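In the part that follows, the structures are each spelled out as structure tokens.
Both complexes shown next keep subunit A, but they swap its partner, so subunit B is in the first and subunit C is in the second.
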Partner chain A sequence: MQVVKLLQKSSLTFFMFVIAVLLLFPIVITFTNSLMTEQEMGINYGPIGELIQAGGGKTNPYANLKLLPDRVTLEQYGRVLISSPVYLTMFWNSVGLVVPIIAGQTAVAALAAYAFGKLRFRGRDRLFLVYVLTMLMPFQVTLVPNYIMADKLGLLNSPYAIILPGVFGAFGVFMLRQFMLDIPYAYIEAAKMDGAGHLRIFFKIIVPMIKPGLAALIILLFVDYWNMVEQPLIFLDDPLRQPLSVYLSRISGEPGIAYAASMLYMAPMVLLFLYAETYFIEGIQLSGIKG
Partner chain B sequence: MKKWGFCHAYTWKIKVAGWLRRDAAAAWLFLAPSGAGFALFFLIPFAMGTMYSFMDSVVDGHYTGLDNYRELLQSGSFRKAAANTAYFSAVSVPLNLTLSLIFALLLNGNLYLRKWLRTAYVLPLVVPVASIVLIWQMLFDWNGSLNAWLSAFGLERVDWMKTDAARNVIIVVYLWKNIGYNVILLLAGLQRIPKDYYETAQIEGAGRLRQFGSITLVYLTPTMIFVVIMSIINSFKVFRETYLIAGDYPHDSIYMMQHYMYNMFASLDIQKLTAAANLMVVGILLIVMGLFALERRYRQFME
Partner chain C sequence: MELDKVNQDRRRNRILLAIMIGFVGLLVFFTLFSNTLMSMNLPKAITEQPNSGSLVVALEGSGTLQPITETQLSNPAGWKVLKIRVKEGDRVEKGQALILYDGSSVELEMANEMTALEKQKIELQNLQDQFIQSVQEEDELKIRNAKRAIETFMLDLGTQERTINELRNRMNDQREITSPFDGIITEINAVEGQISSGEPDIRMVNGNQGYRLEIAADSTLVSGLGLAAGEKIDIDVQRELDRQSRVIQGKIEEVTNAEPRSESSYGVQSDQTLTIPRKTLRIKVVDSELKGGEQAEIKLEKRSSKEGLVVSSEAVHYDRDGMYVFKIETLRGALGNVFVARKVRIQFSETNDNKTMIQTDNLFEEDLIILESSEPLQDGERVRLQ
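So, the complex of A and B:
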């Protein structure tokens, strides 16, 4: 029995490992390229976009996907981190936009989600559908009205033109509501009997029970806003105020430096996930009362 | 006097507390911060955007009823874009759901190096757009690595982005990028299921498959509904990368609603853009309302 279990665990780990390698492949290429010199990349990726047939005089007409650079160099990192301070500026711009959005939306959305998920009032489900409806609209449609709105509020060229809509987005409300739906009403009724108000119930019962949901929300908000390209391009004129995502969305950037900048870009996500991941193991105890 | 004031404040406090204890009143207070900002930054722009679809021009426009919609439905490129988008979503969203549910279940189970494996599955979410585009080209270009491998095995090379194969390439890229998104949500959702439910089921002699069907799937319903809707919304976001690779008029099989809307936007045809978007939103809304009807049944079942 013990052996069977061990075998099962190893084979499942192996299976998940193989898939993980496939998923990580582009990231591995980014990493190895960040250690390459510009010349080596030029030789490897030169054939891309050329319309020549195979074997047309050249020794290798295909792009060369190299996993090990001929010469490992930290030149790109040196330029990104030390000699071109603009990358670090953009990195901190990203942080300055994403952190207030995450903090704000998590707080505002948790309160609203409690109303939608656990309280009864007239028109609740219809109002909630309106929240979801706005999420379905493609950004090009609301772009012009959003621009007019930001202009009227005097927010143009200010990071608040991005932060404020971020804070009030419907995403967090929708998501946290889903995580509150199956918290038994019996818990809330019992707390009410003991004389607890809704604020007490919210902080002492609801918040601890949706911890995995909160961790997931923070990660997904980070992903969405760390990657945003369109909003900063439209609302922030000054390139020195724009986040790293905008720079890294242009292919025409310096190729010899974009890979190291990409690594810098991905690093916070790894740290955030490794930290938040503990909330996915803990789980919650719903024992005591049942449904 | 002082004592009376204190008493008065006290009864006032009780009154407020009593009022607050009523669900409806409390609900509006909890909703207030979100509602105010939501109206300002989402609801008003949404209403304005929708209005444009019934006008002949954005500036000093006149109300023209459903003219924009009629024109839209007659346009061949709109119909092609709608059909392609419907096909893409119908294939990629269920595929995404199935794969991410399998991965989330396995990642929730007993594995070696589980923490690192979980991280690996969510990492594709933060690869910057330019890197995706560059690696996409390395793999799928006419002279790319995929064709190099094909020819090494003596097979014909494929022009991935300029034939019907492009459709599948986009599905692969969407899956690669979005499985992690759903895995995060599903992992969090799985934590919501109390462990003792499984223990009870085990004692009652329910098998693994039975437990999955009548505990895991049932209690995952609220999360799943969210995951389905987000998968549909995210399936429109592959446009960003597709556009950078294939431009505004890509191969026929991958000309999506997003291309159509982007082209309308670029030619400043805001009325057509909003009309197209509204039709699309109505289409998704039907799915959403179906899911919410399912959710209502789930909630009745829970109570």
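So, the complex of A and C:
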């Protein structure tokens, strides 16, 4: 019995290991290649470049995947950070879009989730259903109406065309409401008994309790909006206003800096995830929900 | 145990936060200072502002004065040179004796002929005596014979005298070379005591015909200065003797095409050469003091008739499609201005040694033109202004 269990466990571990390797491989490749010189890059990835240029012609389509650079250099990072200031402009464009969206949506969603989760009013669940329906529809479906609306409001080619719909996204409301449903009414009633108003209840009781939810929401929103490509492409005509994600999708033709740019692009996301992840666990540990 | 883990997590979080702040700080730093950092690596450019106006074109040239007519004199008889009466550079008059030759062979011949003549004259006396004797004998036939003999002999005598005259004339003619005109001796090849070696014994020039100065100049310069045949021009002539110079007026005789000059261009594609058409100016100078061979210079300065932008010639580059200059384009940015070298095609009009007048609609007086750069530039490349 014990042997079977051990076998089961080790095979599972092996399976997980394979999956982990598969998932980590692109990141490792990106990191090591970001330390290569442009010449080495050209030698290794030249065939792909030719393929792109020839429009899928008969050139050898196999690139030479190389894990370790022959000569480690920070040349790529230097080029990205110093000689092409466009990259940094784009980075701040991304920050300028993502930070207001996350701040706005978290605030709006927390308040709305409180209303949908803990307040009792007529038509609450039906209204919530409608709200959730907007979330269920993919962005591409509502693209044209969104575009027309932005046009009518005079928001085209302005970051507000992306920030405003982002702030009022339904996903945060849905997610935080689920967290709030787990909070027993007893807390709220006890607070009410002590004479606390809705605001006090929300900030003193609800917010500390949904901290892990907020952390998760922030991570998910960050990943979602940091990686968006379609919205900026459609709403922002000016290439200098577009975020890094759009720039990165174009930079791939320039292998000399594509990897370094990708690494720098990835960094905030990884850091935020690692940071919020511990917060997440901490939140669960400290919340009153845990048995 | 639980608390340990919490503390550990808190520490981890602090480190992560520090990394995040560091990362953002790094990006902020590069955002603010990348321009400054980058401009340190940019090619340096030295600029100038073009002046609008006309160009001062100057033609400078020098050469030696060459005589227009030159005569070679030699002795056809091939006699030995007896005495040379003149030196190179001497000014001689028409008819002046230049070289004496040794005509002794002719003299000998003449003396022989003279002796022959004397002998003939004595013979004649014999014939006359014969005639007298015949008359005394009164022999009619003999008289007639003697008479015929005398007449024949007289004819021979005449021939002999003509031969002697001929020899005398030759002797007088060939014993010396005289100057055919007023002029200057330029070269003497004859050596006393030797037979001439095939080269003309003496070379002289005609001072009255004047001297010629040939100067080659770029065609554009010649037309820019408006130089044409018949134009008077001042020439600075340096005398050989005392190195003093004197201004003599000359006249342009003709303007002819000369061999084109090739110049390597200093553009981005510097491997090509440019051919510049040239003209030769032939200037005639007449002056009694000149001898030929003097160094002469001309220096002309004139404002060009056309107007345009005047830039330094170093700023003008050449490539396959023609000429261009780089001007500085200022891009205004939030974090300081960016200077970019922009290629501007120009039409060439005139140039002198260091300035070029260009014509273009794309340049203005307030534009900065790149004069020199630390590396070859490309269109649109960023530069650092010096």
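Simple rule for what comes next: the second predicted complex is superposed on the first by the 234 of 291 C-alpha atoms of A that agree within 3 Å, B and C clash if a C-alpha of one lies under 4 Å from a C-alpha of the other, contacts with A are read in each partner's own complex, and residues count from 1 in each chain.
Basically, a contact is a pair of C-beta atoms (placed from the backbone, for glycine too) under 8 Å apart; a residue touches a chain by one contact, two chains touch by 3 or more.
On a predicted model such as this, the values are computed, not experimentally measured, just so you know.
Visitor: Once the structures are superposed on A, label A:144 by its partner contacts, choosing first (subunit B), second (subunit C), both or neither.
Guide: first
Visitor: Where does A:274 make contact in the superposed view: on subunit B (first), on subunit C (second), on both, or on neither?
Guide: The answer is both, since A:274 touches subunit B and subunit C.
Visitor: Which holds for A:203: it touches subunit B only (first), subunit C only (second), both, or neither?
Guide: After superposition on chain A, A:203 lies in contact with neither partner.
Visitor: Look at A:168 in the shared chain and tell me whether it touches subunit B only, subunit C only, both, or neither; answer first, second, both or neither.
Guide: first
Visitor: Between subunit B and subunit C, pick out the one touching the greater number of residues of subunit A.
Guide: B
Visitor: In the overlay, answer first, second, both or neither for which of subunit B and subunit C A:82 touches.
Guide: So A:82 only meets subunit C here.
Visitor: If you stack the two complexes on chain A, which partner ends up touching A:27: first (subunit B), second (subunit C), both, or neither?
Guide: first
Visitor: Per the definitions at the top, what is the overlap between the subunit A residues touching subunit B and those touching subunit C?
Guide: Correct list for subunit A: 274, 279, 282, 285.
Visitor: State the interface residues of subunit A toward subunit B in the complex, per the touch definition above.
Guide: Result: residues 9-10, 12-13, 15-17, 19-20, 23-24, 26-27, 29-30, 45, 47-52, 54, 61-65, 108-109, 111-112, 114-116, 119-122, 124-125, 129-138, 140-146, 148-149, 153, 164-165, 167-170, 173-175, 178-179, 181-182, 184-185, 192, 197-198, 202, 212-213, 215-216, 219-220, 223, 226-227, 229, 244-245, 248-251, 253, 255, 258-259, 262, 265-266, 269-270, 273-274, 277, 279-280, 282-287, 291 of subunit A touch subunit B.
Visitor: Considering only the defined contacts, which subunit B positions touch subunit A in the complex?
Guide: 17, 20-21, 23-24, 26-28, 30-31, 33-35, 37-38, 40-46, 48-49, 52, 58, 103, 106-107, 109-113, 115, 117-135, 137-139, 141-145, 147-148, 151, 157, 176, 179-181, 184-185, 187-189, 191-192, 194-196, 219, 222-223, 225-226, 229, 233, 236, 240, 244, 258, 261-262, 265, 270, 273-274, 277, 280-281, 284-285, 288-289, 292, 295, 298-299, 302-303
Visitor: For subunit C, which residues count as touching subunit A in their complex?
Guide: 2, 6, 9, 12-13, 16-17, 19-20, 23-24, 27, 30-31, 34-35, 37-38, 41, 335
Visitor: Any idea which subunit A residues touch subunit C in the complex?
Guide: For this pair, the touching residues of subunit A are 81-83, 85, 88-89, 91-92, 264, 267-268, 271-272, 274-275, 278-279, 281-282, 285.
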